[in-house]
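Here subunit A shows up in two complexes: once beside subunit B, once beside subunit C.
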Partner chain A sequence: MARLTINNLVKRFGDFTAIDNLSLDIADGEFITLLGPSGCGKTTTLRSIAGFIEPDEGDILFDQKRVNDIPPNKRSTAMVFQSYALFPHMTVKKNIAFGLKMKKVNKTEAEKRISEAIELVGLTGLEGRFPKELSGGQQQRVAVARALVMQPDILLFDEPLSNLDAKLREKMRVEIRELQRKLKITAIYVTHDQAEALVISDRVVIMNKGVIQQIGKPTDVYNRPNSAFVADFIGTANFIDGTVKEKLEADTWLLETEIGNIKTMTEYQLALGDQVLLSVRPEDLLMEKGSENTFQGVITTQTYMGNFVDYHVEVAGKSLRIQSNGKQLFEEGDSVQVHFRPEDCTIVEMKDVNQHETAHQ
Partner chain B sequence: MKLPISKKNRERLNIFLLLLPGVGFIAFFFISSLMTTVIRSFQMDGIDGYTIANYSKVLQPYFLDSILYSIWIGISSAFGSLLFALPLCFLMRNHFRGKNLLNSLIKIPLFIPALVATFLIVNFLAPHGMLNLILMRLNLIREPLKLVQDKYGIGIMIIQIWKNIPFQMLIIMAVMESINPALVDAARNLGANRWQVARHVLIPLSMPGILVSVILVFIRAYGGFEIPKLAGPVYPIALPVLMHTSITEMFDWDTGSVVGTVIIISAMIMVAIYTKLAKKIQGGDIV
Partner chain C sequence: MNSEKNNQLPVENPDNEHRPDDDKAGGLFWFLKGKPFKFSKILIVLVFILVLTSVFIPILVAVLWSFVDPSVPWSYPDIFPKSFSLYHWQHVLKYGEVMRAITTSFIAAPITTAVCIVLALPTSYVLGRKKFRGKGLAKLIVLLPIIMPGIVVAMSLGRLLNNLHLSQTFIGLIIAHTLVGIPYMIRTVTTTFEAIPQEVIDAAYDLGASHFDVVKEIYIPLVLPGIFAGGVFTFIYSLEEFILTFIVATPTYRTIPTLLYSYLGYFFQRTNASVVSIILVVPGIVILMVAERFLKKEYLSSGFGKI
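Showing the complex of A and B:
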């Protein structure tokens, strides 16, 4: 168990900057997810923490102790790999015992920890099997047990569930979460699957092009994305361009937008005339008449998905995506009222480009 | 014209005809010549029918010495070159300056015919060759070292090793490259240092390649002719040299075919051992 601090980390591969001045502070026992598209630097960051990659600049500290110069085999991290990386020539038990053997843990202690780990991940009875004789989910469990048995300060997960089918993935991510909660080990989890990140983490770090876009609790990053990138990457979003027209209350503003006047709530300090980008989640758009932010639209497409219905609704020439539960079914061509609450539309970008760019030149 | 045969048989005929040039060539020249040698070893000049009398020669001291000498050459060359090839394979896994240059230099022996290489190295190692001259100039030795035509086969071994290092490396590196790099990361992550990674992960997983390379070099050295002919001593002589001398100098086809058969059978035994070991390794019993 340890606190992990990353200060101003930079890693370049030739001309490509994989990590661009990244700083991050992870509390002891916290479960952090690094989320982002491929090439965003999340795996490079994870591999730097493990010691496989030497950063060009910046420091990595475990409990305030700099580990940059410590080789991977001396760092107290344990990693679960995307390909599981189980040793094919060793049985389940030998795989799990490998790290203890390397660290010369005494026999009785090792045996105890191995059987605990095996029991913890539910592999009892399979100790003598070889990895190729196990299913994907079982191999995954061996990989987790092999990491846990080390009692590491920091657990690292490199997209560990991406090779499993959807059902198993959902089951395993809950199991991993519960294990981590039980053992209270600091965990860093890399994934490109936003649903996985939301389910599993205490905090989500959203990365793009080597830079952290936003750090926050799952509810924060989902409900209050700080950029169009985050809004778009986590879930789906309707983006609406607007201009600040009037201040209604301390944090409530009236915007003039491409679909009409919208009332929004924000912590940002806005000025009249600012151009902004708004984001509204498809499930926050309701097809009913409301007291404010109500617009007239026509349904252009309707897709029935079972647990919800996916609509595209044209409002003032702009297509909005709406997801609603299938209780009230509309047909294509139906005329509908679209409404959303002021707190459900978020300003994700200040776009008064003209002012800023001229100011910089 | 349509042949009066069923579709299935026509397909079979097609496959047979397609395979005929390749398989037929091997069957005819390879198997038939092997069989001729083996059959000839059971015949004796001036005697009708078959006999095992020729094989009594195997038990004579000179023949036994030849067998032991050849086995020694085979084993020492196979493991001797592995001693160099394996560390070089590990070295080649890393990135360093001049890697490509080293890689091409190492491969040179592959492209130099054994005969040429033998002449060059024999000259270098000879009693008045460059190596001995240098060592004597440096006052490291007083008398020239007998490194060629010696009864321990040191000269043969050196040439075989020189020739077989790149050959073994090619085989082992092909296997090593197929090892998932994440396994090395995993081992490092679990606390293994570089030596432990090699010992517990890379070597066990390269074992099929190491085994093939050792057995192939054994057979090459055991059955090779030019090198022991030029760099070997007067006595004992390696089996292939014995075969050559028997046939071309003594016109003794009886002995020649017996030696040939012994070489063939030894090779087959090696292949059998290899298959056995390979199965065990794949079953995960070894290591």
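Showing the complex of A and C:
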């Protein structure tokens, strides 16, 4: 229940810059995910917010109040750790009660909040168990309840689901999302799992090498990645090199590419001769004839995955990955038409600005 | 365990004659090649016989001697005494010096243990939780008192305490016992400190705990099994310590082992020596058995989540 502002945060470990001038503004009650490969600085950022790491430069503000010098035990954050970090010598109830005891919340109030939290995460009846007597999913619920019971301003999650199996992970991420919506707590969630990030967040922050690559709603970052890194990290992408050939309409352009002429829609202002990198999602490539952007190809591999079929199709010497539902099954060696809509291919990089200037002369 | 498993494999698969594991075992024990299963059994029997002859039988003989009836002598060719009595027990316990030695021993052991705990906790905390240059060396230095031969430690410590006017004092005795007992304590407590995941500590701070709270609520309960294990070592060590006590505190303070030495040496009395040695051995065995049960339970209830 607080707005979080991070201004120009820098953290170095020796020669390694873990966070490189990061700024971020998170609204009250918003669910934000920090997503990126390992070593991208997402956990360092989270631990700086919690107060475990002292940043070298920059400010962290809760509701516009600078908290840099406030130690972790005085910050109104609560964290759910990757290993759950339950206290092994305490029962479920004592684990959940720990924070309230530390904050000296009065007995009746504490009891009320503890039983609410236990009920909220569905641990009723297990209060007297020790952590080692619980399954992974149950331990995780204890960790969540232990954080929620504090009624923190900001809830922090450090890859909380990475130790669970796939089925349980899917279930828990929906539960965490619902809990957060119900309680309207500002939440920051660190993960390297892009599917988890898309499902759970209001906005996704994609990080790489200590730098924010893109911030946006899940649909934005998936459909409109602003860089090849983001397109590749979230989902899979086919990258096609091209040159701007002709302006068709205000936002529609014709590109000359390695597989042929492609019509694309973009909000970027392009100039004739610009070199660009296009990204097309495998599921946006359709194996049918369309009115535009239709190419001839040959299937080189076919992998049946049950809910979809994964193809590699060679188009003009370039291998494209296509995912289609298994309704119409093609075999390896089949000749197919490949088609995609202009709005489904995204320009993720513009290169060689110099050349475009010379083209103008 | 592992070698036993490997060795059993050929028995389970008699058709499969050649296995790489056989070659490994056969390299050193070439004469046993082809019969590895039998070999592990032989080893177990050998260890069993060794323990029986070196530990169990002497204790049994001591027990028998302590209950021998003085009016009916136990002599060749009798395997067991013809008659038993409590005479020697009553006789020994009536001796002032025996009771005094027992009292000294059982006061010195808990005090030594307590001093070891108090001194070891901060050391172990730093060795187990902090990173610093020369940590490996520090760990080695801590172990020096048990790496050095006992007589070397005893001679130099005796001289030192003498210069400090602490020889022939109870404090000197405690200092000597603590010096050699504390490495065991530091060792076990350091290991338990190391085993606590940093995230558990972070979680406590994150939930609003102060440094004092973290020590009281997290560190102490979690290292308690280590303190207990170390305590068992130092307690038994102090009870059975001989050389330091002999040099530093005898004859003013006598403990059970130094008294036993005099019964076995100057005034050899097999029956009295038997009684005293049982008084010395039994508490150790009982403590170890209790500790074993307590530690198992304690470690079971302190599994660190899924780690």
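Criterion: the second predicted complex is superposed on the first by the 352 of 361 C-alpha atoms of A that agree within 3 Å, B and C clash if a C-alpha of one lies under 4 Å from a C-alpha of the other, contacts with A are read in each partner's own complex, and residues count from 1 in each chain.
To be clear about the criterion, a contact is a pair of C-beta atoms (placed from the backbone, for glycine too) under 8 Å apart; a residue touches a chain by one contact, two chains touch by 3 or more.
Remember, predicted model here, so these are calculated numbers, not experimental data.
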Side-by-side fit of subunit B and subunit C on subunit A, or clash: clash
Touching partner for A:N163 - first (subunit B), second (subunit C), both, neither: second
First (subunit B), second (subunit C), both or neither touched by A:F87: both
Touched partner set for A:R146, first subunit B, second subunit C, both or neither: both
Subunit B versus subunit C as contact partner of A:M79, first or second or both or neither: both
Contacts of A:F239 with subunit B and subunit C, given as first, second, both or neither: neither
First, second, both or neither for A:A50, with subunit B first and subunit C second: both
Subunit B versus subunit C as contact partner of A:G136, first or second or both or neither: second
Partner chain in contact with A:Y268 - subunit B first, subunit C second, else both or neither: neither
Subunit B and subunit C footprints on subunit A, overlapping residues: 50, 52, 71-74, 77-79, 81-83, 85-89, 98-99, 102-103, 130, 146, 150
Subunit C partner contacts - residues on subunit A that touch it in the complex: 50, 52, 71-74, 77-79, 81-89, 98-99, 102-103, 130-132, 136, 139, 146, 150, 163
Subunit A - residues contacting subunit B, complex: 50-52, 71-74, 77-79, 81-83, 85-91, 98-99, 102-103, 130, 146, 150
Subunit A-facing residues of subunit C, complex: 197, 199-200, 202-210, 213, 217-218, 221-222, 300-307
Of subunit B, residues touching subunit A in the complex: 180, 182-183, 185-193, 196, 200-201, 204-205, 281, 284, 287
